[in-house]
């Protein structure tokens, strides 16, 4: 559990909406989370739950047509949602999901990272090159000087992810946002990259927002975890507590179906509702085995249940039917 | 990269060989009788036969083909059946005019096409986008011979802004010939007046010729940019703080133009075709008019040479396009070796 | 832009050496021949070179054309009509300054016959190379194989060339043809600037001050001429209106005449020429082997509509093969007239005789010559009314003339002009309807009538024009009666000119392109 | 049906469809729509070059024929040329593309080399030369155009076949022992169909333009055929006085080609809904 230091990143009451041909899509609603310095905060949810939008809101790259009707994103105490906040965002590093697709294939890898460095800290190219070589060594890229001149397709997937990590670190960040950085990699490489991330975060005292759909990864890496469902926080708290004893029916079902590696929701009947047609009340209630009429009537607010945990379900202490857990 | 370029060149050779054979077969079936044309208006049938024998037109077709191939290998295109002058020399005098025209048109099409395509993509589904889309489709729909006439009537006859025809003013005279490109030659001899005049003569034909190409390039650039904008690496670059202009004009465009560059190569063929009508209307002394003339007068030697020369130019342009693609996208040169 | 051009012109003036004439050269917008060698071909464009860069022993001058001694001072014919001796004028010089001798003339004829192209056709049947000799420096002698009446009439076809210019450039016994196709070996009033020559694009000519005629007849001859052919007819007219060229070709579309005349700085020179517009019928192919079928076609063409309305009366009805003004035409020759009722009657008669008038008949036009297309379309429209289905086939001169070698490949019908190559009925009726010329485009109606053959051959061998004339008249009557072809009009040569061109004089031979007669107003 | 609805939602594509449908209707009913249907053949020289009026809304041409009628009558020819050329080109190009895309080795190489050769010849020059092959005229021009357009189909189908050949479902079909011919005809061809249809639509526009250019150069349609390109060519020497003579046939070409291109773009968007885009 994290020390009660002022958080590096604080998201509160965040809502994001996008106007589409099929009506207004409420991608995120009333999302709150905080990441303290040195803390690795996990965000878990299945596809379509709003993870990526959360990342984009934090990074200030919401898609065209998206708007934020409510809420705030504070980085080191400064609001970074507005247009003028680009400078404040300078010390946020980003590790994207797919290392194969995230580097422009037609530019040299080194040049792409140097360009990022140049944007963040104007200075002599030679200085940047020297720093970058150090970084590449830190992320264990062999022959870092030569690597600078190579094109992305000349690296393996794992190496590319290391390059991207180096790029994220190149701006000397206080916060690193990682968006499922290991999904596209094979299992062995995944493990290496996670270990590297853990080590770097520890060594550099980084705050890290780690987005994934994989509870296994969260368990091995994160200090705290926030479970998202259909754009809302279902449950949040210290990682051990949440994983050992989930309280929200969604989280319980999720972890119950796959006690070791909860990777998807195949075991839960029904599907995630589309963002344009969210059910009233608790968004999980159509699929919830313990739902009652009230669940459809009002949105259940997240309530603190002690131990730094919050759960958005008034019936969080009800037992689930046995059949569901089988 | 050198190996890649070499490979591209070698790949073009069989196509050129095929072109030589194909054009020979096609052209020799043309029914106009070159011997009769050559003999002239007052010829007797016996004179025609003599001429046929002298030019080897009475030999079997296969034998004529072999002779032709041997001549082509040695760069000898023979003499024009029509004017009795070396075809190579005649084409040499005319090719620069066509190249000057087509390259200017191509440059114009590329610069404006890429610009418009980019502007449209960045304003996706906005007013600029719709305007460019409509203009580019219309650009492909306009018959160039019709447009040429309208431009002549408007800019030369009514407004008296630009010359009607030709490459240079008769009194000014052509610049001393070094490259055959009037713009270059005028610069080489330091004659600004000739340069300006040659440029003014270029405007209308080049615009006419460039329009369809411009439309094509704008469309490809637009879709390329739109496609690229969807890529993860663009999102990543935005997240990592790339500037908006740099992102659009360099980072995205370089990816987006790979498809456009291929089009430039294909367009060149279309440009040469377009040049046939445009050269005729603007009285541009290039190989387009030469080819039409050759066809109309059944001058098969000239026609063979024109097809081959155009084929070579086309092949060269496409090798250049391949090289450009290799430079733009390093994966191309790597994977095809 | 105007001011810019003025500034440029001023700059150019300053750049000129002091005392030089600042006259804008004449820009001649007519076509260039495909070769500058006067012995290589003979067509309408090549007359520009023949008449301006070269001289012949005789020349046609004026309209109607008169045959006048040119390099020759006089000539003598033996009584048997076989031996011709020409005496040369004194002091005539080639462009290189050397004097023109009898040997040079003989060389010219040997070259012509040896090359065997273009104009040689008029001489080869009767003249062998070794029978051209130069007894002395001022005499040249021809001995013909048999009498040939049009010999003198054809004399202006032959340019006298300079052997001293040609001989160093002969390769592989080509008579220097490769070289001369882009060079000058003449003595004419203008000389070629070889550096300026680009085939079919440009040719610059400079006045030859030492021309044998001298220049006393022209006070202000034109110093520089730039020949700049314009490919497209309409571009050519626009260029004339803008003053980019000073002269069009002689085929100005009749629809443009009014416009050129309305323009303040241009005019149209209209001169009756000797160029017959004709619709050929392949007399070997049914239904055209039937005389009534041919008459049916001849009465279904709307001569008046075409000549008066479409061509705006700028041509003259020509009822027979020879142009109206020429000798050898029967007095009061009446051609066919447009009368669909009569046409129907002819057709019915032909049909009764089994002529296949229901088949689709093809008419080949020269698609780049608008008039041939218009005539065919109008004809097609009228023939429909008598139940004949005419199909217009666009073709080209080489395409058609290549096909006229055999009757099976010769089109049913085609449209063309017969221009003046030499001023003699032989140029028209002689070469068109004597069956010995079958296989040439001129005889492409494949008309065969032993009586006409006999008349035409007799006329060819008869040196006395007074005795030849009735023979041609008789032949003409027969051919017209049998409606061998459809003769439509005799051309009025229409050349657009800028008004600064003065002294322009037309002759059917050369179509008014004799530059030596012209001058420029400033 | 869904495709049609999606097509209609794009106003630009709907405009294209409307133009093409309009042209089709005009072409089918041309003899009834044209005020003077016999003006396809008949000349009336007395009334030549009349400006637009109530009697002749588009004026008359140099032989006194009603231009409106001839523009209407010319629609049929333009569409017939476009459809038959593109169909013929597809019949040559598609099988070649399929075979070359499916096979590996020399046959594939050879076919694509031949395709390249045809691509390297400038289209119009080849078409001109071929037009002289038998005799100039619309039929020859159509043969020439088909012979120069098939490489585009071959290229398109080749690329599609190559793409689909390595896809999983083709592997699966091959694994269960389906013969290549059936895979090509029953599975790859239908999948390549959208690309072919788009190519064909654009090709029709292109063909109309090239055929008009051939007509303009005098080796395409033969007079008195009411061909649009021919009309523009005939009108040249009457410009600018008889402006109506070239304007209406010229506009007809523009409009029909525009319609076909817009429709092609729209079809492409429908065929490829991932991204609403328009490529040449």
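First chain written, first letter: the chains are A, B, C and D, and each begins at residue 1.
Quick note on the criterion: a residue touches a chain if its C-beta (ideal position, glycine included) is under 8 Å from a C-beta of that chain, and two chains touch if they have at least 3 such contacts.
For clarity, every value in this text was computed on a predicted model and none was experimentally measured.
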Hey, which chain ends up farthest from chain D, C-alpha centres compared? A
Euclidean distance of C-alpha centroids - chain B vs chain D, Å: 22
Just how far, in Å, is the C-alpha centre of chain C from the one of chain A? 90
Where chain A and chain D are represented by their mean Cα positions, the distance between them in whole Å: 53
Rounded Å distance, chain B centre to chain C centre (Cα mean): 38
Which residues does chain C have that touch at least 2 chains other than itself? 232, 234, 368, 396, 399
Residues of chain B that touch two or more other chains: which are they? 31-32, 149, 153, 157, 280, 298
I need the residues of chain A touching at least two other chains; which ones are they? none
By the touch definition up top, name every chain pair that qualifies. A-B, B-C, B-D, C-D
Chain C contacts chain B in the complex at 1-2, 8-9, 11-12, 24-25, 27, 34-35, 37, 40-43, 116-122, 124-125, 177-178, 181-182, 198-202, 226, 228, 230-232, 234-235, 238-239, 241-242, 244, 368, 396-399, 401-403, 405, 421, 437, 439-442
Can you tell me which positions in chain D touch chain B when the two form their complex? 12, 113-114, 116-126, 128-130, 132-135, 205, 209-210, 212-213, 216-217, 229, 232-233, 236, 239-240, 246, 250, 253-255, 257-258, 261-262, 265, 275, 277-280
If we count contacts the way the header does, which residues on chain A are in touch with chain B in the complex? 56, 59, 61, 86, 89-90, 94, 96-98, 101-107, 112, 115-116, 119-120, 151, 153-154, 164, 167-168, 171
Chain D to chain C touching residues, read off their complex: 41-43, 45-46, 48-49, 62-63, 132, 135-137, 218-219, 222-224, 234, 236-239, 241
For chain C, which residues are in contact with chain D within the complex? 232-234, 237, 253, 255-256, 259, 302, 305-306, 309-310, 365, 367-368, 370, 373-374, 376-378, 380-381, 384, 391-396, 399
